[in-house]
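Read through the structures below before going on.
Both of the next two complexes hold subunit A, though its partner changes from subunit B to subunit C.
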Partner chain A sequence: MDQDMTLLQTRISIDAGAPLARRNPVAKLAAAFVPAVMLLVTVDVVTAGVVLAAAVASVPAWGIGWRALFRRAWPLSVAVVTVAAGNAVFTGTKSGTALIDVGALLVTTDSVGVGLAAGLRVAGIALPGVLAVLTIDPVDLADSLARQLRVPARFAYGSLAALRLAPVMAAEWEILGRARRARGFGGDRNPVTAVRVFGGRVFALLVGAVRRGTRLAVAMDARGFDAVHTRTSARQARFGRADAALLAGSALLTAAAVVLAVAAGTWNPILS
Partner chain B sequence: MAPARVVLRGWGWRYAGRRAWACRGVDLDIAPGERVLLIGASGAGKSTMLRGVAGLLDPETAAEHEGAVLIDGEPATSVRGRLGMVQQDPEASLVMSRAGDDVAFGLENAAVPPDAIWPRVDEAMRRVGFGYGRDRATSALSGGEQQRLALAGALVREPAVLALDEPTANLDPPGRADVLAAIDRSLTAEDTTVLIVEHRVDDVMDLVDRVVVLEPGGGVAADGTPARVFAEHGRSLADAGVWVPAPWGPAPPAHLPGPGGAPLAAARGVSLTYPRTSEPALRPTELTAHRGEAVAVTGRNGSGKSTLAMLMAGLLAPDTGSVRLLDDPDRSLHAWRARDLCRRVGTVFQDPEHQFLARTVRDELLIGPRRARLDRTYAAERADELLSRLRLDRLAEANPFTLSGGEKRRLSVAAVLATAPDLLVLDEPTFGQDARTWAELLDLCVSLRADGAALVTVTHDETFAGALADRHVVADGGTVRARADRHPETTTWTRT
Partner chain C sequence: MRSPQDPTHPSNAPTSRIRRWRWRTVDIVVASVLAVAFGVLFAVWNNLIYPAISGPLTGSPAAPLIGGVWLLPAVVGGLVIRRPGAALYTEVVAATVSMLFGSAWGLSVFLSGVWQGLGAEVVFALLAYRRWGVVAAVFAGAGAGLAMGVYEGFVLNAPYAWDWKIVYTLCAITTGVVIAGVLGSVLVRALARTGVLAPFASGRAQAEV
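== the complex of A and B ==
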């Protein structure tokens, strides 16, 4: 089945019936959150490597094709490479065999190791989150926030409705730019004028957003949204055994990664 | 569920922060199952009254209020579950990303057990003739489909009273026809009392059995069957800017041919595909605009007609081809500097507010000439002339955002004319305008054309196109072609 809109407002082809794509949104986000927290407190190749390897291995189970994933997540790989290269070059660790030694630039085997750990860490933090977010339908998330996390319906579904307006506002922003060009503004070299025009454009966008938001609130109230203290949900936002298993699996994997890192002697918590 | 009786007794409402009452002294008794059309000049408080009847006006938020709105004898605000409403803008009515979920929203709020929700959702979607399944993405629907879905979302709650606030105003003619048919089919007198505000009165004549005329600040000015109300008050209503349907209203103006002249601007092979879309919005297109000639571009929403207009105006860069002024053909218009462009090409946008840049009406008219480096004395004289010609002189020091709908439209046109451009591109200029502003816009376009301007107007308004255009082109799925009949003066026009 094609999923049309995800949290990132992108159109992407996802097999929503895939084993992990089907999981409860809160379970997905939590499962992505656990290793991310662990990777925030440590910088080592083994922990990050294990988490990343598991995330990569799980990709087919999320129902996303490799190409679709790369199309969405390529900026992430750019970030990973940049972070890795930056760390390798600028780290204070310059022990080991010199690989590059040109003037001020010294890259050694150990500094490459530092860079590798930093890059893997960024990838290990980001990839599980990307997989979760790409496969979450906003409606399911709102349902599950309201049901599992007891987030007030007014907030959960209000945010959902507002999210629907994001593409409308993006289109409006373009129109406002054209309308300014039609009046003789745009492409200004004078920064004062440019800032003023930009400010006016933002203001007009906000005025439109407030108006539309007000109308949306009225439309929701007209369907009884404001009157409710208890509401039902037409969809099942279940947190089942498989969801618990996903969460437990993520925690176990993270723990295993830490054990392996300690055993391998690479464990390197930044807060110690 | 049975329809309800709606009674307004001396009802009035003043919004917080406003000096004038939006609505006052309204006395009305609507029998269960009646279908009532509310009309009146702009500012008569029609939408406010609808919100009041739908129970959506919280007395605590009013600056002042008086009288009562009673639904079967109960205050409207206390029986909200029996009241439904559909608004004008479909983008601002839908909550969920999937069609079925959206219809279910109102039942969830009413705490209907989940098992009972889906059969009712399916039934409501069937009633409005929604052609897709529950899983259809709401963002992939056309405006007409979204509005039918919004109607289903209201009907699924089985409202005893349904308020419709210009439910078809944002739609193209086929979408409008679809939604009106859905309203006609799905609302029966045994189920629902209906109050409808609709600008295009003749569209809904067959849907209603009673017409109520509201007067700004003055309550109900006329009330009765459509035939009686329009026969007795047609003329004064038309003078107040209300669209009075045939045969009571004025006949639509006949086509006035322009003088014609030399070619001024030409689009050659322009095409455009927007980022992140697979289909081109506009396939390679030719269009020439001549001095003293008006071209109307019609077609459904999403047909590529607005894209063509924006390309013609030099506001979008085409993927292929170019748009050039024939007396200055070195560069395609999209590559012109903005300050040069506004001197030759003027664009009127559908929403006047999108164009406003200044704090006062007069400054709005001086900004363009200043950017185009026109002579200051000339600019000031022209501003004064335009202000009086468009009846804005009284408002010269007002903030553009505080004007009424018709005033905003007139100002947005005046601001564009301030730099005396010779190519004018108009995107739905008559959208949402009352009959009076409509007629003024037509007169203005006719006189600009007589002065030698070239006009390109994108519009759904067939009456406007019929009265103004010397040439018609139709956009359909990104392809633009000349309309078969090249002699609009021999065509019979009906406003649909």
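== the complex of A and C ==
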């Protein structure tokens, strides 16, 4: 696993040999997409709960430690709470016993249920994707996009080349911050000044990025990147039986979650 | 993206109609690099700044008011590259990069990127890929904001009552216009002034404006 690509002290160790971590990147992404799309269609506790439970249960198979996962995904837990609270307050469902009733603010047992379902749903949509993304190496992803999804090679590898600059840009971001700090900018309590300093830092980052990109493009063209003729690939991205099995498993699990929700009577498509 | 078969095709003549559709290497790489820079920025914004300033707004229908930052790549990418698909491409790559760099949101970031990028792309397409000024930027920002508001307000915050959904979407459009549209076009003009956009029509147009 390429650890250069992580950023902002979220360097985490992943066992790249774990059964699910070894799968084809496109298979992983597709497997994470299936339940996510289904959860976009429904807001109910059972579907979201089953997907979330399965995702949590699968964590060891991805080769990700629990502490590492928490370090990466803790903002998600914050978001789940705020989404749940927001939906409980602003939902149109206000039946059941009133729990809070202050002026315009009315929270009832049923609206809390709605909020809970909305929060679980956000977690269920996000977590499988987080697991997939944490275990994907960008080089494998580009290979797999070009080979399995037939993304035009110039775009797949062009974006990969740019992605290789990301650690440089992250470092540059830090340097720009320190340089400004040394000149007495930044670290202000005054929000207006802080925004202006931040804006300047962003602009400097973008100028550097475009300049680097232009130079990189010339270098790539000089090596025949824009060649008209047939392109060959240095690495083979394979999509094997285990990859198909991962995809089928995800589809089966999603179907099972829906069947359970319908059986439990909580199935609640958003466009009904 | 098939290359023309003539041996004289390479990169520096984006004038004819075919050339306008074909991306040169520098288009692909600079769009990608801009997207990566925004992706890095998103990583900072998502992990350090947004949680700190969104406190009073989070979970309320006014939450999208500061979300315009996420729409910047679509507008900036479109204005700089000036190719069909540039807004969508830049936004999607930026979303993907921020996803690879530890967004807690997983694939929903990618989906948001697709919708937001499409929102801006549709506007540029409606302007026949011929208008790249402030007005076009504002409309593209509004398009991206509308897409963000509809996607988040109707899909992610599905239980909201209808009137709150409309407030939510209007807030999203506002942030799209102000942050992505106005700020985005100011940013592109400033970039052009530094000279780094020399390989692009957006850099050359600056002298005339």
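In this section, the second predicted complex is superposed on the first by the 200 of 272 C-alpha atoms of A that agree within 3 Å, B and C clash if a C-alpha of one lies under 4 Å from a C-alpha of the other, contacts with A are read in each partner's own complex, and residues count from 1 in each chain.
Assume a residue touches a chain if its C-beta (ideal position, glycine included) is under 8 Å from a C-beta of that chain, and two chains touch if they have at least 3 such contacts.
All of these numbers come straight from a predicted model, not from anything done at the bench.
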So, A:W74: does it touch subunit B (first), subunit C (second), both, or neither?
-> second
Of the partners subunit B and subunit C, which touch A:F185 in the superposed model: first, second, both, neither?
-> first
Between subunit B and subunit C, the one with more contact residues on subunit A is chain C
Look at A:A209 in the shared chain and tell me whether it touches subunit B only, subunit C only, both, or neither; answer first, second, both or neither.
-> second
Have a look at where A:G129 lands relative to subunit B and subunit C in the superposition and call it first, second, both or neither.
-> second
After lining up the shared chain so the two structures overlap, which partner does A:W66 touch, if you call subunit B first and subunit C second: first, second, both or neither?
-> neither
Where does A:V218 make contact in the superposed view: on subunit B (first), on subunit C (second), on both, or on neither?
-> both
Looking at the overlay, what does A:M169 touch: subunit B (first), subunit C (second), both, or neither?
-> second
So the subunit A residues that subunit B and subunit C both touch are 5, 138, 161, 165, 207, 212, 216, 218, 220-221, 225, 228
Within the complex, subunit B is touched by subunit A residues 1, 4-5, 11, 137-139, 157, 160-161, 164-165, 167-168, 175-176, 178-187, 200, 204, 207-208, 212, 215-216, 218-225, 227-228, 230-236
Touching residues on subunit B, where the partner in the complex is subunit A | 51, 54, 56, 80-81, 83-85, 87, 89, 91-98, 101, 104-114, 117-118, 121, 135, 137-140, 150, 153-154, 157, 276, 310, 313-316, 337-339, 341-343, 345-347, 349, 351, 353-357, 367-368, 371-372, 401, 415-416, 419
Given the complex, residues on subunit A that touch subunit C span 5-8, 10, 29, 32-33, 36, 40, 43, 72-76, 78-79, 82-83, 85-87, 89-93, 114-115, 117-118, 122, 125-133, 136, 138, 152, 154-155, 158-159, 161-163, 165-166, 169-170, 173, 202-203, 205-207, 209-214, 216-218, 220-221, 225-226, 228, 270
As the complex stands, subunit C meets subunit A at residues 1, 3-5, 7, 9-11, 23-26, 28-30, 32-37, 39-41, 43-44, 46-48, 51, 58-61, 63, 80, 89, 93, 97, 99-111, 154-162, 164, 187, 190-191, 194, 196-199
